[in-house]
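In what follows, subunit A forms one complex with subunit B and a second complex with subunit C.
Up next is the complex of A and B:
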């Protein structure tokens, strides 16, 4: 079996600066700068203000990345989030159209998301033998199925009462609210994962679940909390999607789970668990958002951007493994 | 102790249980809507779900070695779109050649995935997710940015799905041949048993001299082969090729396997189980509109069914484990 790269004992400590640049996050920061330089040359409209103006459409997805990082560190996966986004957007749009105060709309989104996440968490903690992939595959179909039933024959709904929704798309100066909220949440999630006991326990479970259980970590309680938080964040994502598109349909949020996982894995969070940190994930999310804005300005089709994303993703995981194998082969 | 009761035999064997469920489903649906159990209607069910039924075989092999492949429908789209465009612009006209090209593309795609997974140690879900994007985008690029190849442009090819050979529809022939081959291959050939060995315990398989990496490569290549075939079949059945064909269909294939009792952690699952799983899923999709349930409810019922099946499976397994423990007590 391949060793976990970068963890071998005979790693010689290097100079701090060199180490920082050579770490995965360092490489990502360099890539982010390169992507921005490329975009600036590629599109004449690409600058800070246009970036801030066009960013919000792509930022909603990043809310999913934050808890997804926790789930990946646990060594698990949640592919139902795209459907939760669809269901929350649908439900809150319906509540919004009844003329309820906007705070109720926000609460609906959060509660629906939390309930969906809790359902995932309940099944997964009650039947621990089941692989998360299968359970969330089933709930992925179920949640979108509920949204389809609620939406009825037309398959879409548009918001008639847009006052509150417009409020969400507001800005302070040039900076949209969504970016503020995202930064605050990102800092909280990163600190909790990196510095708190809770976060260390998540890594412990991801590295070795049985050991964590025997050392007194409430594995199932922790998993339940994380899946519920995943649902809540999907609710936030659904709300912002609703506010930018003033409506929901049966394809809302389709494929978001894959995008969130791609961002996290590209950011160096291993899908086998116990490895990676949120800083990397957030930088990779920024890279992808910048790339989408820049290429989108020149009308490059979304499929081409996905092509680039796919290649980046595979290279990001395959290259370190291949380099590690080559090094071991040379040493022998 | 030697004589097992019939009930126990049925609940003990996954396939027997699935057959009972399928028969019950057929009985209920036929009672509610007699038009279901006609040869024409059944043929329709098989034809509309042929892609899922064929690909369930490949997914069975992939899941047996503990992997997963979510890129299959993108591979199918790439191969289907390529032959669609070739036929549209009259580069080729032979149906056989179109099938060969689609299968060749699929096999290449699968081999590339297999190489990345087996040689670079990339987790299957991540690698196939990347290729899901890449192949889908390539299908889009092949289509000149979203062109369709409609029935009018496909020439002789579109008639393939309606042709009969020895009185049986050609699409059905493809399915039968695939299933017969895999049934024999998985049960009685050395390579087939090696796949099970790798899935049950990769380390033990490695130590006993099986080249685990090559088996993995082979499994994903086979999956690619079937995905290419599935793409060609899709174009034939629906008489059209578009870059977003079967988008999201990979989940149906995985669901069919899971219902059929294929374990996600590898080593457990049979060809018969995959077939029954795919058939149950197909029957439900067809039956709901017939018995007056709105098509809107389809996905929800499908999802609940998958959940119920896996949960019941766990509960049965727990009971079986408990009984085994009790049997050992003095």
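Up next is the complex of A and C:
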């Protein structure tokens, strides 16, 4: 019975739960195919090469999904990542404009991201009773505030030394570097979450933090690591965003935290913790990217695209409930 | 019977079609215009005229709006357009340098890139259609400041964002003019404030200027949002400080006149800008011009134009000197735009 409630440590990936998630991923794959068929009919220019060409600017956000999945599985949330993206893009743009070697620019992004993430992690593990939603709401305001102060009156900065940034947008054949990096990181994050002891412990904490603690899991150490990694990935996102838009402004990364959470939830990762896996999240990210490119090619207003994505998300969270009800009805 | 009727009509249509004159300048061309943002009445005038002119010449036209008035939003839009085999893109840039990689990608794909209203850097474009030469505008504004202050005293500038390409060019040119001629030597430019083209922020900045500089005589706002917000604030508060700059007659109607907050202000004809951009873009697609200095072409009713070297090292065509709007003509122009 413990398996059914999803509240046990050892039984997390057991049969009934696993079956449901598997079927959800199945639905997502079908949806991905349908979205691509739709886009191909909708836009005469939609094909693999135009998709690969237009993808990079949307892929930057997907870096946030990877660690966000861990945080959601923990049963927590980090809404400060959009601000971390803004701050890292701003700081690395400033460093870039000084003419520093590009490796220094990359390091700046990673270090600024890591520091921001570690600040979240430190507060959350030092004061364990504080809700992550409130703490990261505060740091969201603080990190963006710092970026705004740094950006000054004009509220924006543009890259004047674009050489290194252009390198980042390079391609092997038609495949952009960002896609390679994303695939590599996605595999690592998915395997660690799904197959390693570390991943098991994340599920254990998300299922029941107290039980995990008494079972000898270093709950706080693990949370600190995950929040710091979240920051590092925000740094990667900020760097790629900088390389595609050659600048940063006070709106850079705004709403990215919600996009990442939406991708994860759409992918079947429960925001109450302990459930879901990364594969679903990555497929749902692909669905969103394909839709954005396809609709964009017919110059559909960006706001209308957001509206469509919102409706999709509602359907996605409502559907498992409907399926569950249908199953129960059939069983009776 | 019916079939015969249909085929007869088809034949008739074909004959008519072949007789119709096919000399339209934009026949079969597919043009896109990228504006700065949605909901900018000023930009809509140029966009409307662009569409009307090009469509009358037989081109298909798409006006595209980025989701936000930022360069990264325009980059997404350009990405979309490059996929769609347009013949040309006319853009008003939200940032001078940020669009370079994307616009070069467009040019590499064989798309002609013209710009209007706000130019991207010379490497990012083939031509810039300038609403009024930078120097002409700056000169008109400096003379307005000189006239309204009475020749001496403090004045300030209320601009859009600190990155706005056209505003910065005008401000720099104004500073140069002020330094070069002795008649401006008694004018003191106390501050360049940035209202970010947001009404609220422009109002706040105006209030701050008045508070910080009680002796301020004139605010010059080379942006439609800024001048509108500042004029309202100055008039509502009965301030002695006057406003001038670049504005829309319909938005400035209540505030313009000798006894009001704004004695007079300037603007060019945005519709003329859209029309000239359309003819320029079509001429480039048709191969009549390449965008190099010295190229000449005819822009419909606007007359003949010549491409010249721009101050930033690129090339441009200049629509003409700005036009003055005052208490006498404001009513009439407010009806139009």
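We adopt the following convention: the second predicted complex is superposed on the first by the 300 of 332 C-alpha atoms of A that agree within 3 Å, B and C clash if a C-alpha of one lies under 4 Å from a C-alpha of the other, contacts with A are read in each partner's own complex, and residues count from 1 in each chain.
One rule holds for everything that comes next: a residue touches a chain if its C-beta (ideal position, glycine included) is under 8 Å from a C-beta of that chain, and two chains touch if they have at least 3 such contacts.
As the structure is a computational prediction, the values presented were derived from the model and not from experiment.
Chemist: In the superposition on subunit A, see if there is space for subunit B and subunit C together, and answer fit or clash.
Modeler: fit
Chemist: Angle at subunit A, subunit B to subunit C, CA centres, as a multiple of 10°?
Modeler: 70
Chemist: Under the stated touch criterion, which partner chain does A:211 make contact with: subunit B (first), subunit C (second), both, or neither?
Modeler: A:211: touches no partner chain.
Chemist: Where does A:138 make contact in the superposed view: on subunit B (first), on subunit C (second), on both, or on neither?
Modeler: The answer is first: A:138 touches subunit B but not subunit C.
Chemist: Give one of first, second, both or neither to describe whether A:169 is in contact with subunit B, with subunit C, with both, or with none.
Modeler: second
Chemist: Kindly classify A:50 by the partners it touches after superposition: subunit B alone (first), subunit C alone (second), both, or neither?
Modeler: second
Chemist: Return first, second, both or neither, reflecting whether A:297 touches subunit B, subunit C, both chains, or no partner chain.
Modeler: It touches subunit C, and subunit B stays clear.
Chemist: Using the touch definition from the top, say if A:241 reaches subunit B (first), subunit C (second), both or neither.
Modeler: Second partner only.
Chemist: With both structures placed on chain A, which of the two partners, subunit B or subunit C, ends up touching more residues of subunit A?
Modeler: B
Chemist: In the superposed arrangement, which partner chain does A:252 touch: subunit B (first), subunit C (second), both, or neither?
Modeler: Second partner only.
Chemist: Who does A:123 touch here: subunit B (first), subunit C (second), both, or neither?
Modeler: first
Chemist: Looking at A:314, would you say it contacts subunit B, subunit C, both, or neither? Reply first, second, both or neither.
Modeler: first
Chemist: What's the minimum Cα gap, in whole angstrom, linking subunit B and subunit C in the superposed view?
Modeler: 5
Chemist: Which positions of subunit A sit in both the subunit B and the subunit C interface?
Modeler: 152-153, 301, 303
Chemist: Under the touch definition given earlier, write down the residues of subunit A that touch subunit B in their complex.
Modeler: 1-2, 77, 123, 127, 129-131, 133-135, 137-146, 148-149, 152-153, 254, 258, 261-262, 265, 270-272, 301, 303-304, 306-307, 309-311, 313-314, 317-319, 321-322, 325
Chemist: For the complex, give me every residue of subunit C touching subunit A.
Modeler: Listed in rising order, the residues of subunit C that touch subunit A are 38, 62, 64-68, 70-73, 75-77, 79-85, 95-101, 161-163, 194, 196.
Chemist: Quick one: in the complex, what on subunit B touches subunit A?
Modeler: These residues of subunit B touch subunit A: 68, 116, 119-123, 125-127, 129-134, 136-138, 140-141, 145, 203, 243, 248, 251, 254-255, 258, 264-265, 296-304, 306-307, 310-311, 314, 317.
Chemist: Flag every residue of subunit A that touches subunit C in the complex, lowest number first.
Modeler: 43, 45-46, 50, 53-54, 57, 152-156, 158-160, 162, 166, 169, 241, 244-247, 249, 251-252, 293, 296-297, 299, 301-303
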